[in-house]
């Protein structure tokens, strides 16, 4: 049977792999997806489960070295800020009327 | 085990960064470049966290925290600029 | 050179310096003051000063004539051999008397000559300055001191020639005289430096004593040539003569004084002065005599064809200076006597002639001999005086010019050692005599006879009584000396000539009649030939109709002068073409070459350490950096993209720092990176969005080569260092960080403690940069960009406000832990500033400004002040600036509290950074502000 | 009295907790410092803060948090398949989501949740027309998606904040 | 590692120098930015590059990387930031006054010189 | 504890900060504060200079950290002299600015103080990286001061000036850090010791670093081909600023002098005789090009700027030729040229202001209101700057020419110096005759007379120049003593770091990445 330390190490490894996977997928999406509005969805994965996985790994790892929860702060920051970035980029793209597979709405970005 | 995972993570993040770079260079629009940079910041956070795990050191944490904060500012500034031609009024 | 002159008498009497100081200080200062009370008072004042100097000279004269040279000396700059040393010997005495005596007459003359519009005070002040300079030259015992006075004559003559500065001729003449004589003076200066270094002293006595050493020295010829350049330019010897006629644009008293009696004589004075040192060699003799001879003949010939009275006199002066030069070149005692004698004679008759010319000009309004004629009828008195003086100039017996000229003829027959020159000389001097008779005759006949004046705008008459007095005095001297040389000048001549020759003179005799000798024959030939020549010219050649090819030297000079100025301007313009690209390329190239040169000499080699294997992650970062850098270059015209790409390079740098054990750097690099990006965008919104399209690839290759060179250089240096083992003083910081600095983050302890002084300077740089931005944006208001979007984002607004408290929390965290872990005041300040900047982006600047409330520049000042006062506070404890204190005071409940004064210092850093960042971002960002608020941030 | 010293109690609490999280140190000194900061920072940043909507139902808030977290995980997996699969078959669309929320903070929260759950991105909050413009990566039935979004996230938010 | 480091520095320097020599103020800013990265990394590397040895004194750790170059880089970064900000302000103002963003204050006249 | 050495830095720094705080709102207070602190700084400088007469090195360990670990200020005869000179120039410039120039833009007085701080710091510091920091302080302050009053001309000049110096700063950093990378230290005295012990394999690296360093200093000093930024910059700066800038090139010269005597001096070591082969020809070329530029100048300001370049050429040529006597002459010449160039910049403003729109362009304009006074001032200044006797310029040149007489290239130096003297004389006479003699019949216009308070700074500088003549003897002896001190670098090293071996660099341990 695995002891706690080993289990924790497995957990860390698992979380790292999960994080890596979504980070990579986010980047692949960034390259593969055909138009800007669709590409806008890519970083969300990196932000949420990508970094989230890493942070969980870090928290799990720190259990052995005196618990630290400051990683949660990073998550908080990311969750507050990422939607803002995405929205601003979307607004900009709408104003510039970038090429889009989805039909663009009539009156772009006039709202507040 | 853990080392393997860490190395895989490094490779994945590295690859992700290169992909971001491809988008960054290729564009085609400024918005794409900002998006790529934003993603690059996120990747950098991930990278620093993994580095912290590997070095068993907490000194990388602040860097990650700052990227989260500062990367946001950069992205906002860029996007604002793109949208309005200036970033403050 | 068998017997030396009597040993000079040394004392420290102030007489000699006072002789110079009187005109130099009293004269220049009092003249303008006295001029306020009218021209008479000015003239009386300077005349009194001159008379006082003259009196002082005369008071010493008896001793000097008895053979006692007077030398006084004070130390000034002994290390370079410059002393305030003065000498009054025979030569000096003679010249001092000339300068002061004729000076007095000129003062009187000028009183009447100057018109009411002319500034009398300025004139007399300059005249006094010039007089002092001349006295300085002839009374200097120290060669460097002599140079000083020498150049002072150049400058004061520049001012005197340019006295009528409204006239273009005067300005040009003045500049030309200064350039030629000033240049010659510099050459002479160099020559003196050589002589001084050979002789080991600049004191004339020592230099005189070192004659043989100087002659044997390999640099003798060079020194001689340089000194002669000074002599020839000052005395207007061919080919440097051209400035003198051009200087005739000066008021006539100036011409009479400077260009006949004194300044031009400074050259021959120097020749005479240096003759005992430099003379006696074949080089000296050949060069000086031939230059003198050429000048004498050529200038006399030219004088004949001058229509301008002063032009004629000017060339005549050149010719007579040539004569004197010729005499001084000869290595015989009698030539020295003749030279000195002619110096005196020429000064008298030429000064009087100039004054006469000035009277004529004054009364007739012209100096053109084609218009002047028959003035005998209108001003017989002046005419008589002029005729006597002209006769002296022509060398007519019974007048002083005859005596010296005959001696000159006699000397010209003695040039047996000089080969061809010796055979030409007698013919040449006779020819010169012919010409000089011709122009003298022309001066008299053309002006006073020869019909009636043509086209004068007024009826000529005699000048005021006292204007003629100086002329009369001089003419009396001409006659007195001419008839009774033994009773008048003989003693003075004897001591002066002895000083020139440098040894006791053999017995000689000055008399009107020596019997029927060869020189007398030459005189007769000259007088007869000159008369015939003038008659022929007047009647056959119609002299008045001639427009002799204006001697081209002045033209050439002016063309050369203007050309040089233009060329200098064009050359400078080509070199310094206002192109930053060139300047930077030169800078890069120079530095690269400098760096390279070290390796060319010593070879490049990598160190001995084995390089470590690359890691995959590092390869990725490397690829990212390279790709982004190249892409920046490729896309730099698309500026927005370039900003983003530069940011990526920065990110790569940040990761590199993080990876290689520099978390502080990573943090800072990152924060700065982001702020810089924002800043670039703010700026970009005010600049063209795209660089102009590529056109001609003019510099691309050059720049690419430079870039590759610089890159290779940096890479090479890095590689060389990274492969070498490392030793540094940092062991001390690692060891002392906790015990001495009270912090475990060594980088931070270095920043705020070990090298806190650097940081102090660094925040000042940042603060001033922000103030600079503030100033740059002052008054710059641009309209909002066309088609710019408006309105704010609700999401951003909400997020910004939510983030602010947490950003502040993070600031505090980073600030406080900086001493022990990565962080510190700088990053904390950036975080705070950035959090505030986000507010600006979300809600607009004005709203944010209102909410912040504190002025930006004030914040910067407060930050610097806090940091500085923290540093200065250590003075109170008797410790040096910026000495830190730290301790762990025990507090109830809380336990040990780590406290370090460095925290206060860091607080200063923090405030400065917040203020500076805010100012920078909001100021540039506010340029396109719709609500143009000019208030401070 | 408490209002005067702690105008934003929730924020102060968050800052207090945040400091302890940052330092990872529960010593007396840091507790004191955290308290000081929790009290001071809101006062310093008061000019920038506006009154936050009162949380009426903490349990609903907790439920929403769990739901969003779960949705993020699920949706991430789903979207990953979309990204890695053939992209040509994706059917992106802009959705106009009518807003029932009126308070700016809760609206912002709603928009953020939409963005953070993969597959949808809030583009524009149009407060005048009271609607949210959302881009969906792959959506065959827009109306159903709008309804689902409103049901899953807006309704709990209305319950939590009441506006 | 050392090779990667050195070569990257070289490339960034070269790119920076090339941009520095362009004719527009903004390109100069870009070039200076790249140059300052290179310079900062260069200073940093003068303490040699070591992973996993941050100069934060801790018990039981014997090997630290050289902290001094890091402190120097920090100073250089801050100064560089200030200078960049100032130069940008200058570029903006110069363009605002003269209407040209050419480094020489006016559009090159006459035959189309290289306006880069 | 005697804090004299730090005062010339600390006083202006604190004053500058204070001035920033009260900046803008109370102009009179700013002016008074600015002048008062400058006077205070000058007093400190004078005390320091008096102190330096003993010939001792005053070493001030900042933060009480001993050299080479901490930063030290080292006041020897040279530093003290230059700090004093800076104070004199600063007082004159500030007094001039107080007539109204200081209100043509904000924060003039604060910037002025920081400028002084940077200059004094550069003269005093004994640490090479700290020298960089002070260079940056003085540069950023000079950028702002250059722009004082703004205007298109200044902006253009500033773009060039800033870009060149930013690039130079990059090179400075590379050079300093490279030296650190090889020798492991930053203190100049310690560097001198370390450079002398450089192992064979590292010599090229050290030399490359030193040469690049000299290149950077050459930019600041304005040596060919790196001086092209200077004429436009100096000519477009506002007059009091240009006057203050007269000391700025001297900072470059000082730095070259300091490092070349201290760190690259002597015959042994990696950096032996580093400067001589290339510095001399470049310096002579600089001198020649400077006077050629002056000859062809189209404005008086430009002319003075080119003469600044020429003075640097003279100085550096002398330094390159080496030798104690030449060095002493150069020091005297340095003081003289700084004073007179500052005076000329002030004077050119006075002249320009009486010439209406023609300003200081070398073309005819309407007659000035005070031709005689301006003429006398110009005559004296021009004669001095051109080195006409008996000015300080002349004495300086005599000292220099005598001092380098034994150098193999003495003929070149003599020829260039003398020919350039003539060219300068011609250039000045041309300028003077056009500006003060050649008038157009321009209709009468409002010209304000120069006020006494504007004459005062100019006259003070000229009087200082005259004092240089009057006290040439003692001053030259001081210059000789200063030169002797400079040429005895071992004493400097001894005073700063002692000869203790326990301060030597050591390896820090190198752990490979796991």
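A, B, C, D, E and F are the chain letters, set down in written order, and residue numbers restart from 1 in every chain.
Going forward, a residue touches a chain if its C-beta (ideal position, glycine included) is under 8 Å from a C-beta of that chain, and two chains touch if they have at least 3 such contacts.
Since this is a predicted model, take the numbers as computed values, not measurements.
Peer 1: Determine which of the two chain pairs, A-D or C-F, is joined by the larger number of C-beta pairs in contact.
Peer 2: C-F
Peer 1: Which chain would you call central, comparing Cα centres to the global Cα centre?
Peer 2: When every chain is reduced to its C-alpha mean, the one closest to the whole-protein mean is F.
Peer 1: Using C-alpha centres only, name the chain that sits farthest from chain A.
Peer 2: C
Peer 1: Among all chains, whose Cα centre is located farthest from the one for chain B?
Peer 2: Chain C.
Peer 1: Compute the distance, rounded to whole Å, between the mean C-alpha positions of chain D and chain F.
Peer 2: Once rounded, the distance between the two centres reads 61 Å.
Peer 1: Can you work out the whole-Å distance between the CA centroids of chain B and chain F?
Peer 2: Those two chain centres are 47 Å apart.
Peer 1: Per the centroid of Cα atoms for each chain, what is the distance between chain B and chain D, given in Å?
Peer 2: 22
Peer 1: Please work out the Cα centroid separation of chain D and chain E, and write it as a whole number of Å.
Peer 2: 40
Peer 1: Where in chain F do residues touch two or more of the other chains?
Peer 2: In chain F, the residues touching two or more other chains are 129, 133, 136, 140, 143, 147, 150, 159-160, 163, 167, 174, 178, 180-181, 186, 508, 510, 512-514.
Peer 1: Using the touch definition from the top, which residues of chain A touch two or more other chains?
Peer 2: Residues 21, 28, 40, 42, 47, 68, 70, 73, 77, 80-84, 87-88, 91, 95, 109, 112 of chain A each touch two or more of the other chains.
Peer 1: Using the touch rule from the top of the page, what residues of chain C touch 2 or more other chains?
Peer 2: In chain C, residues 578, 580, 584, 588, 612, 615, 619, 643, 659, 663, 675, 682, 684, 714, 717, 721, 726, 728-730, 733-734, 754-755, 758, 762, 765, 767-769, 772, 776, 789, 793-796, 799, 803, 806, 810, 821-822 touch at least two other chains, as defined above.
Peer 1: Which pairs of chains touch one another in this structure?
Peer 2: Listed by label, chains in contact pair as A-B, A-C, A-D, B-C, B-E, C-D, C-E, C-F, E-F.
Peer 1: Quick one: in the complex, what on chain D touches chain C?
Peer 2: 11, 14-15, 18-19, 22-23, 27-29, 32, 37, 41-42, 44-45, 47-50, 104-105, 107-108, 111-112, 122, 125, 127
Peer 1: Residue numbers of chain A touching chain C in their complex, please.
Peer 2: 73, 76-77, 80-81, 83-84, 87-88, 91, 95, 109, 112
Peer 1: For a test of understanding, state which residues of chain C touch chain D in their complex under the given definition.
Peer 2: 793-795, 797-801, 804-806, 808-810, 812-813, 817, 839, 850-853, 891, 893-895, 897
Peer 1: What does chain A use to touch chain D in their complex?
Peer 2: Residue list for chain A touching chain D: 21-22, 25, 28-29, 32-35, 37-38, 40-42, 44-45, 47-49, 66-70, 72-73, 79-80, 82-84, 86-87, 90-91, 94, 100-105, 108-112.
Peer 1: Which residues of chain F touch chain E in their complex?
Peer 2: Counting only chain F, the residues touching chain E are 129, 133, 136, 140, 143, 147, 150-152, 155-156, 158-160, 162-163, 166-167, 169-170, 173-174, 176-178, 180-181, 186, 508-514.
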